[in-house]
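Shared between the two complexes below is chain A, which pairs with chain B and chain C, respectively.
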Partner chain A sequence: MKVWRADVARRVSSGAWPVVAAVALVLLLFVAMGQPPFRAAKLMWEGAVGDRYSIGNTLMAWVPLVLAAAGLVVTFAAGLWNIGVEGQVVVGAIAATFVAREMPGPSIALIPACLVAGMAGGVLWAALVGVLKTRGKVNEIFGGLGLDFVASGLAVYLIIGPWKRAGIASTSGTDLFREQAHLPTFANTTLSFVAVGLAIAGVVAVYLLMRGTLFGLRLKAVGRNPRSAFLMGIPTERYVIGAFAICGALAGLAGAIQAIGVWHKLVPSISGGYGFLGILVVLLAGFSAVWIAPIALFFVMISVGATQLTLWLGLHSAIGGVIQGLLVLFVILGGGWQVRRRRARQGTAEGPSVGEGAPGGPAPVEQVEAGV
Partner chain B sequence: MTPRKAESGRIAQVLPAPQSEVGPVPGGGPASSGPALEIRGIHKWFGPVHANDDVTLTIEAGTLHGVLGENGAGKSTLMKILSGYVSADAGAVVLGGRQLALASPRDAVAAGIGMLHQDPLVFLPFSVLDNFLVGSPGRLRVDRSAGARVLADLAARFGFDFDPDAPARALTVGERQQLEIVRLLHLGVRILILDEPTTGISAIQRVKLFDALRSLAAEGMSVIFVSHKLDEVEELCRRVSVLRRGRLVGEAAMPCPTDELVEMMFGRVLTRAERPRVEIGDQVLRLDDVTFRDRELTMPDLSLTVHEGEVIGLAGLEGSGQRSLLRACAGLLGVEEGRLSVGDEDLTGHPYRDFLDAGVHFLPAGRLEEGLVAGLSISEHVVLAGGSKRFVVDWKAAREEADRRIERFSIKGEPTSTADSLSGGNQQRLLLALAPQHVRLLLLEHPTRGLDVESAAWVWSELLGRRAAGTAIVFSSADLDELLRYSDRILVFFAGRVLKALEARETSSEELGHLIGGMELR
Partner chain C sequence: MDTATIASIVGAATPLVYAVVGETISEKAGVVNLSLEGSIMLSAMTGFVAAYYTHSVWVGFLAAIAVGALMAAIIAFASIELSLNQIAVGFVLTLLGIKLSSFLGNSFVGRQGEAVPHMAIPGLERIPFIGPVFFDQNLAVYGSYVVLILAYLFMYRTRRGLELQAVGERPEAAYARGIHVNGMRYLYAIVGGGLAGAAGAAFSLDVILGWREGLTSNFGWIALAIVIFGGWNPLRAAVGAYLFGALRVGASQLQPVFPSLSQVLGLFPFVLMILLLVLVYLPKFRTLGDRHGLVRRFLAGDPPGALGTSFRRE
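Take a look at the complex of A and B:
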């Protein structure tokens, strides 16, 4: 426990000033837009946790974000930049939609089948990135980004093509699923305890995997030094694909919950950007599974709260994203600055450093091979 | 001419000025005397390693100046300081009475110092011409046609032949060097540093290179030629400075007897093989006419048999083939032709995993690069190397096992210490602690490089203990003393071939030193 407390202290002390700076800048931003800054902050707070409806909305946004982030903790541990996580969420939603539409009859197995299908879809999409990387020497960033576009293209095609609503082809989405395929919600809020439970289970599973298992330890070794890991006899390629598969399962689950728990249909923006946002959450959490839950909560509070600014102050809804982006930038900048200062103190003159990751994070992206 | 040797770290400069003793230089008139480059009291530490220890030397203009020394002697560090890639911890570089501030290669080039690296720094996807122009001081527009004319003129001067539009990828290493030389000259370099320039180039290109260097010196430029090949230094250079273990240990005007150069490079080594003979057992490793290729180096037709309880030392300069041989025997480098077997098993073309299972264990020189994982603790390493297949790690047992190995291998650290926080000696101890106790064949790359005397002795007592239990050992080293002391047989590598196989008891450090430099002892 002492170690844990020291960790908290270190994080708070090293993370405090960049957060303060980001918050100050945001408040200044409100002033610059001619808005009373503290009223805006209060509106955001109330929008996020003011009543049980807003708490429900916040938690339902937290679920996909924290699931994607949990998956990304695994790929980051293996030294991989899984930019494809966004596409994995989308394919998870597509697979869940398929089951929700096509599985016959009302059945208690319907919802579990949707969730499992979502995970399988995510695994497929992520493993593809892994195989492209290990067998095809395609950098996972490019492979993942490419498959992101393919996934969202596929979703749009299905929505205006084979799965279009009777009579109209519209990008507003497919028909609503039948009631039996909706995740049950608490009272008359949007909150689903199943979804929240699954998210918590996902985070705990990743935490245990990375902390207590041989698989997690080997994955860390592969991520920090694939060469040494290989010489120790670890089949590095299998571990890379395995890390992608785990991340894909969690991202696919997030997509399935978006489909059957939030929208109850497939829409083009089904992923809600939670995959990409998950990358920021993990960066901010210093690649640790423990920290993604509170940080993801903080992030969705900003997103959900920011909708109130649109409602009451007429600000553009993008303001939430601006705040999140500023936070991440400042925290990473703060980390980079600390590294610089430490080096300066040690007096080591080193060459220009490229893409200094956060401590314990993945190595900088390998140099991209130019040409063929 | 007698070389002066270091006495208490100071060099007495009693040599006559170089101009007075050598006649007209081939390729042109007498050397004009430009400003001399003075290196004064340079120190450089890398962590605990004192890579340059109070190095003071002067490079006269118009001279071909050789810098000799074995691997790790500090040559490259010194040259990197001169060319601005690394900054010195103490000392000064003075050119024509002016102290230079060398914070980056750009500063060095501005001062007229340029370095040609062992692997020429060429942008492979660019054309020859673009490579030539890429470092030119900055106008926005690139005048390609003017550039092409300058390139053609410079190339013609040295008899180089370039197609300006060809992609640099199509050039041989030698041609890339030529391109780098004319590029540096175009940038106004007056002092040219070449780091091991003849590795990987053809004999014809070597002649061309040497001619070019001679004519540059004749024009009054300084050429600093870093090498550990004795014959080349003897052929080319007029003065030689020798580094050993970071210190300047001697200077000589050429020609100078090879014996004395060898002695300066390696020091006086009086060691003889002195450990007890161990009963030689069954054959452990066998190579039949094996050919393998590692980057540019091809090693043809190598045959070798190693038995239980034998120690084979691999001598030679870095990049002569020892590294490739060790990697091929470990299953990390594919064999192109021939047969490689471990025990009775033919493992030609098998994956690395099969070599591990056959009882081959490789300890690489890059302890943190290839052996250990920075950021992971000793306990975690013990689990990774432990071979346990249990899914859930028993951390308590792992810590206890780590404690046992820390005790047994006298590692200065805790189970929670990360590999990168250990000193080099303790990293090597950890690597040995992770190696399974009873392997058939241990392959070690520079097992004691960078270790203090005590750690090195400990490593060898551990290795010899395993040998007594029947393990065969093949190791590479740059330390003649180590090779002679611990090997039964020594293979001397030169340019990808085994120049000679020696019985360690019957050879001498003189013979070994000569062979490493590519010469038979006369």
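Take a look at the complex of A and C:
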């Protein structure tokens, strides 16, 4: 427990300055754009947690983000850059949409079927990246990215093609699913306790997997040094594909929840960018499962709050992403700076013992292009 | 295919040529600039806006180059001084660059701005076929030839070029030979980033004309893949760039013919990207050129040994 507290204290103290700097820069950006900075901050806060509706929206944005981030903790542990996570979310949503459209029956059967289909879709898309990497030597960054674009193209094709709304083909989405396929919501908010419960379960499962199982331990060995892990008798190929599959399942679940819990239809932007944002969350969390839940919450507060800036100040909706990007950049650079200073203070006796747990510190991928 | 189509392919590939040559230089020195998509987008926006206000494409190009160089400098600084992972910093900068360009460039969407003026090269344009294809273009296109040829000659025909390769291949050995490894890495990363910036300006001031979100249609990512396909050889990478330029032009010409396939056509570059990457690592492809020295050198291509790592003298 003490260790845990020290960890919190260290993180808060080491994280504070870069965050302050990023926030100051954002406020300056507002001033430069001729916008009142503090009114903007207040608008964001109220937009994110002002009343129970906005809290509902924030939590429903948190669910896919934290699920994607949880999956990414697993792939990062294996030293993999699963940039394909975005496509895995999309394919999860497509698979869930397929079931929601085609399967008859009551909610009690339909909703689980949609969620399972979403997970299966994500697993399929992620395993493809894994196979391309292990068998085709295609670096997972490019395999994943290519499949991201293919997935979003597939979604658009389905929306304006086979699944188009009666009469009109429009990129605004498919027909709404029938009521039985909607996740039940709390009172008249958008909040679904099922979705939040699944997200929490996903995070806990990943935490336990990485912390208390042989699989997690071996996966980390593969991530640290694939060659020696292989020589130790760990079937690295299976572990790599396994890590992708786990991440794909969680990302696919996120996509399914986006489809049946948020939009109730398939739209081209169904992923909401939560896959890529999840990568930023994990980088900020220093690749640890414990920190993704609060950081993801902070991130969606920015995203949801930023919609108020579009509404009231007429700012472009990208402002949320700008704030998040600046934040992560500053924290990563700040973390690196502190490691450097610590090393300078200790003398340069040791080599680059990249600060353990420091945000952005441990380099999960040494060799970038060639694959293992 | 008539010469006009081929000429338009050369034009369409111009931003990609700048980008892949720049990224090749940077990666040869050991620095991966993953931020290409974001760098190109942000510099395309900056270049457009700068040219819009000053009515000078030169200022536009310079501003764009400065933005690209700054992004690369951040990655080099993070890797060299802070031992941070280049991929991580590059990815963050990608997203930041894309969002920042959308945010700052919002009020310039759809405005008519400057364009690089057409300028045939007298004499050369008369050469049959080659003339109309390569020399009936504009300065941005000619600049890409110059950059490509200079990069190739520099890399393989000069002492400095060999040092550049040494820095990316075996930094310890280069250091022992008295080469200032990290200084070189800063230099080449920034040069490469500047070329990515030029790619952005080539998009917004020449190929696409204007600024809008998603201007590059993800070709920044494709440029990164082309560098691998190109085996870290600028000439081979340029072949890849022209291939994807052809794809772009082909897709835009086929679109009116098969309107229902427009989605599928747009996806083709990304599928091809994956397939080409599978191809270059097939054992058969690698032994294809065994019998001819020249072909072998062209097809051989391993990533620089120290790519993506930080160098710290002991």
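Everything below uses one rule, namely that the second predicted complex is superposed on the first by the 335 of 372 C-alpha atoms of A that agree within 3 Å, B and C clash if a C-alpha of one lies under 4 Å from a C-alpha of the other, contacts with A are read in each partner's own complex, and residues count from 1 in each chain.
What we mean here is this: a contact is a pair of C-beta atoms (placed from the backbone, for glycine too) under 8 Å apart; a residue touches a chain by one contact, two chains touch by 3 or more.
What you are looking at is a predicted structure, and each value in this text was computed from that prediction instead of being measured.
Residue contacts after overlaying the shared chain place A:P162 against neither chain B nor chain C. Once chain A of one complex is fitted onto chain A of the other, the partner contacts of A:F149 are limited to chain C, with no touch recorded for chain B.
In the superposed model, A:W81 lies in contact with chain C only, and not with chain B.
Put chain B and chain C next to each other and count what each touches on chain A; the higher total goes to C. Contact with neither chain B nor chain C is seen for A:P104 once the two complexes are overlaid on the shared chain. Of the two partner chains, chain B is the only one that A:S228 touches; chain C does not reach it.
By the document's definition of touching, neither partner reaches A:G34: not chain B, not chain C. Counting contacts by the rule stated earlier, residues 351, 360, 370-371 of chain A appear in both its interface with chain B and its interface with chain C.
Contacts from chain A toward chain B in the complex involve residues 212-215, 217-218, 220-221, 224-225, 227-235, 349, 351, 360, 370-371. Considering their complex, residues 27, 32, 34, 74, 78, 81-89, 91-93, 95-96, 98-100, 102-103, 106, 218, 221, 224-225, 228, 260, 263-264, 266-267, 270-271, 273-274, 277-278, 281, 302-303, 307-310, 312, 314 of chain C touch chain A. Interface residues of chain A, counted against chain C in their complex, comprise 81, 83, 132, 136-139, 141-143, 145-147, 149-150, 153-154, 156-157, 160-161, 276, 279-280, 283, 315-316, 318-319, 321-322, 324-326, 328-329, 332-333, 336-337, 339-340, 351-352, 354, 360-361, 363-371. Interface residues of chain B, counted against chain A in their complex, comprise 85-87, 124-125, 169, 332, 352-353, 356, 362, 364, 368-376, 380, 383-385, 388-393, 395, 434.
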